[in-house]
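Each chain gets a letter, A, B, C, D, E, F, G and H, in the order it is written, and its residues are counted from 1.
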Amino acid sequence: MKKVAVIVGSKSDKEQIEKGLHILDKFGVQYEFKVISAHRDPEGLHEFVSGLSPDTHAAVIAGAGMAAALPGVVASQTLLPVIGVPMKGGALNGVDALYSIVQMPKGVPVGCVAIGASGAVNAALLALRIMALTDEEVREKLWQYRQSLKEGK
Amino acid sequence: MKKVAVIVGSKSDKEQIEKGLHILDKFGVQYEFKVISAHRDPEGLHEFVSGLSPDTHAAVIAGAGMAAALPGVVASQTLLPVIGVPMKGGALNGVDALYSIVQMPKGVPVGCVAIGASGAVNAALLALRIMALTDEEVREKLWQYRQSLKEGK
Amino acid sequence: MKKVAVIVGSKSDKEQIEKGLHILDKFGVQYEFKVISAHRDPEGLHEFVSGLSPDTHAAVIAGAGMAAALPGVVASQTLLPVIGVPMKGGALNGVDALYSIVQMPKGVPVGCVAIGASGAVNAALLALRIMALTDEEVREKLWQYRQSLKEGK
Amino acid sequence: MKKVAVIVGSKSDKEQIEKGLHILDKFGVQYEFKVISAHRDPEGLHEFVSGLSPDTHAAVIAGAGMAAALPGVVASQTLLPVIGVPMKGGALNGVDALYSIVQMPKGVPVGCVAIGASGAVNAALLALRIMALTDEEVREKLWQYRQSLKEGK
Amino acid sequence: MKKVAVIVGSKSDKEQIEKGLHILDKFGVQYEFKVISAHRDPEGLHEFVSGLSPDTHAAVIAGAGMAAALPGVVASQTLLPVIGVPMKGGALNGVDALYSIVQMPKGVPVGCVAIGASGAVNAALLALRIMALTDEEVREKLWQYRQSLKEGK
Amino acid sequence: MKKVAVIVGSKSDKEQIEKGLHILDKFGVQYEFKVISAHRDPEGLHEFVSGLSPDTHAAVIAGAGMAAALPGVVASQTLLPVIGVPMKGGALNGVDALYSIVQMPKGVPVGCVAIGASGAVNAALLALRIMALTDEEVREKLWQYRQSLKEGK
Amino acid sequence: MKKVAVIVGSKSDKEQIEKGLHILDKFGVQYEFKVISAHRDPEGLHEFVSGLSPDTHAAVIAGAGMAAALPGVVASQTLLPVIGVPMKGGALNGVDALYSIVQMPKGVPVGCVAIGASGAVNAALLALRIMALTDEEVREKLWQYRQSLKEGK
Amino acid sequence: MKKVAVIVGSKSDKEQIEKGLHILDKFGVQYEFKVISAHRDPEGLHEFVSGLSPDTHAAVIAGAGMAAALPGVVASQTLLPVIGVPMKGGALNGVDALYSIVQMPKGVPVGCVAIGASGAVNAALLALRIMALTDEEVREKLWQYRQSLKEGK
């Protein structure tokens, strides 16, 4: 089973992204979690991303706040599907991160989800939908998850 | 090879989404293209979406403007990865569509791309990245496409 | 006397919508209150909405947050007047919900009120104005309510 | 059959609101159309609105641009359901009108529709849904209209 | 010496407007302070405003929140200079009030100041500048106030 | 009779402000019109503003675009009432100018009107309302102007 | 070694700007820190700024909130590079300050950084980059600082 | 005399940035102009930026639109002062680029100027102010330029 790579730009993003990691845990999907800033450690980011391959990983989830370059920079260095999560916070409360992630120029795609923890959950679920294309077990679990949504909350 | 489903909410969205269809054509990927409004023809939409399966399709691209419910409604009726494209236009020029697509509540994921034609192109490329996970040929073509970006434009 | 149907997309919307339910109680108008998410339980929503009829109900009040598809989806499944209430909250504090509800494409109308609890109160009052068209008692009570506004607050 | 009152704040609003008047014409519903500014002719507005009654009218559609006080002022002077249409235009392209109409303080309800001509169409349709509560013919025509939406556009 | 009329739309606006009343007190200028909602008590507002005259009053300060019609409605009923103060609060934190006050259509002027308590202070100072045109004492005090600004804060 | 000083920050602002100058002409009120940028010619601005006095002038109308410092700088250098007009244009279409003018910190008041030509008209009318406090003729003309608004447009 | 001039418009801006002063301290760079409002004390500001020279100072950091004229006014009175810091706070949380600082009309440049304390830090670092052009020691320390970013936070 | 490096992310940005290049030409300052996208050609960008040094260059001007990562990525790879220019265009008309450039996280500074051609001019002038710190000739020319602004426009 392929893994998911999860990168956030700052330690302070951990709390929001964790809601997504819980989903991956719940589905029994393995992930590598890294804190690497695109702006403060471009070499470290490049090193990590160039180690990712479509043969071992199914998607990259990248979360960042403010002028959130991380998801776009990752997408420019890999051919894996990249899912961007704008982090809530700062004076603009994540609208800056949203625009920085979703308004990618043509040629380098990022699939952006909602600002904050809800987005982190959906980023995980989108990665799982991608895995489910070729993994019957994940597909089955997604089906059960969707049923639980109808009752639960 | 799996297909991509492409749905827009209105005939007037065709021009913007076509930039994405060109990409799929260029990569030799088959797609089904439909104009179905989530608000004006919910039954028609449900009928089309329930015919899609992870065994035959790799992703759904859904483009809509204004209070753009289409991508979210599609995502609620399938387990395929859904990529939303906010259409440019109207008094708010697509910011309404952006918020209606990207701010999905947790549980039902949509990967949102940029407003308008740039977004349509990237939606196609994101679908291709998903296909490339299991399709060497698409992966190879993505690699070439990326090289062309460095020179080309 | 006809009833009012009140639907919210999430349990967490209850507190805001309750200000509107109090108004309906005060006016002695019966309502059915449901928590059903358009995205997480589309079938449940469809089942409930298809049971509503202009012969038994005067209006539907639908409250939802973020990419708030609920009011529009309800309006696409009934011919009753639908009043949308954007819920306050999330990173955008309800602006996303406002745009998702008020910017409906032509053909499927929703009457949108203010974000949050003030909107919930006005949604109830708008439903009561609709009922007052054919109900002298409600009209009389609306008149008294309006007088009380001039003094009270 | 009751009538609909339609008021706009300025001659320049006519073009946008006409899309809604066409709908009323198409449904064979009578309306009174007035151009009266809430700010420039408050007495004229008051005179017209005080002549409206739930016995003769089913709804008031009020369209205005910029600091659009018209719908709220009308709602403060009648107990009829008021539907507000924010006019597109000016430096803010109607966002000012949207906020001025939709963010009504609690106690005086206005049901707001989308900015511009799409909103005008939906305002008419919302008025028709209100009339359909007690008018079988309008209800039948709304049903046909909805069917036409599924094919037509 | 002429007086200043000060009106706010709701009791909850008192705290913000008080910062402006303190300034008037400090300058020894008399004012009439009223809480009257343009939407909830249009008759009461009209009665109060029609009692104001350029012979007895120098300006009207009108503060309101959300879809803040108050300043514009006052300006439509008097020829006195009207100063509008957008109240901070609600889901949009006063941006709605700002747009509703500042974007007045041509013909009926309102001078708008900043959102919230800072605006209330400046509304008072603007009224005092108007009074200072014909009142040497106020002019002298404004001069001293300005000097104090340079040191103090 | 006192005069009105009218300053804009750039030659390109002339077209918008002229709508206000026409009003002053129509009322037979004299004005001095200057093009002086607060940023490009601070000394020239200071020289002009320090020549203004409450004994000879009734108000200053200051129009500027983008980071529109002009009205605030003028208000910091005179005790006359200052009316700010945000100019429409640029990438943000005048929202930047609006915020730069209306959000003055406490202590230095500017009365802001709408963005663009409508604002210029209302700036002139607000200056005239100030003059009308002590000038019966202007007051009479304002009365007639208001009557004309009710019919005219 | 040249100094950096740091000016904020209000005492309340001190807390945010201090994060930048710490950076200057850490790098052993001297600075003059002043609280002078462009609106409340234009003469005091002019006096301070005219004492600055490219021979003694390398840059001016100017922080202000709301209608933040300070950085632009400073830039109009000196030929030194000016770095503007929009202060977080008020009803618009600093967006007003951002627009007032970054949208400078052509001819008078200000380099704007992020809203609030993050911006203050980066303003200091930008001043240090300017100093590093001719100061080997600062350049060496910037290099070390950048290395520390990659590890720590 | 040191040079200025000027980079834009796309050929379509040329027209806007040229207003800044004219300024550099006018001042007789040499520059290297490159079109390199941070997202489409990260390696090419890295190669160019790593060739820049404080010994040969005084500043980097980086212009980009939409999710404008270019200025931040450049700033992360050099210690030179980086000036960012948000390009006007796209559905959000440059607000996305503005937020992506100005809201840099702490540690990696970018000095942002206005959206579009005005910003390009000011970016050049800011680079010239930096050069003027150590270059008497540029300082003299800036002085003359400033004088011309007072008359000229």
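A few comments on the model shown:
We take it that contacts are C-beta pairs under 8 Å (C-beta built on N, C-alpha and C of every residue); 3 or more make two chains touch, one makes a residue touch a chain.
Remember, it's a predicted structure, so these values are computed and weren't measured experimentally.
Note on connectivity: the fewest chain-to-chain touch steps from chain B to chain H number 1. Looking at the partners of chain E and chain H together, the chains they share are F, G. By residue number, over half of the contacts seen at B-H repeat in one listed pair from F-H, A-B or E-F, namely F-H.
Averaged C-alpha coordinates give centres for chain C and chain D that are 19 Å from one another. For the pair chain B and chain C, the distance between C-alpha centroids works out to 32 Å. Separation between the centroids of chain A and chain E, computed from CA atoms only, is 50 Å. In terms of their C-alpha centroids, the spacing between chain C and chain F amounts to 44 Å.
Looking at chain E, residues 10, 37, 40, 66-67, 90, 92-93, 95, 102-105, 107-108, 114-115, 118, 146, 149, 153 sit in touch with two or more other chains. Every pair of chains that touch is listed here: A-B, A-C, A-G, A-H, B-C, B-D, B-H, C-D, C-E, D-E, D-F, E-F, E-G, F-G, F-H, G-H. Of all the residues in chain D, the ones that touch chain B in their complex are 86, 88, 93-95, 114-116, 118, 146, 149-150, 153.
Interface of chain E with chain F (complex): residues 2, 19, 54, 58, 79-83, 98, 102-115, 117-118, 121-123, 125-126, 129-130, 132-134, 139, 142-143, 145-146, 149, 153. Chain contact summary for the complex, chain H toward chain B: residues 10-11, 37, 40-41, 43-44, 66-67, 90-92. Of all residues in chain D, only 9-10, 37-40, 42, 65-67, 69, 72-73, 75-77, 90, 92, 95-96, 99-105, 107-108 touch chain E in the complex they form.
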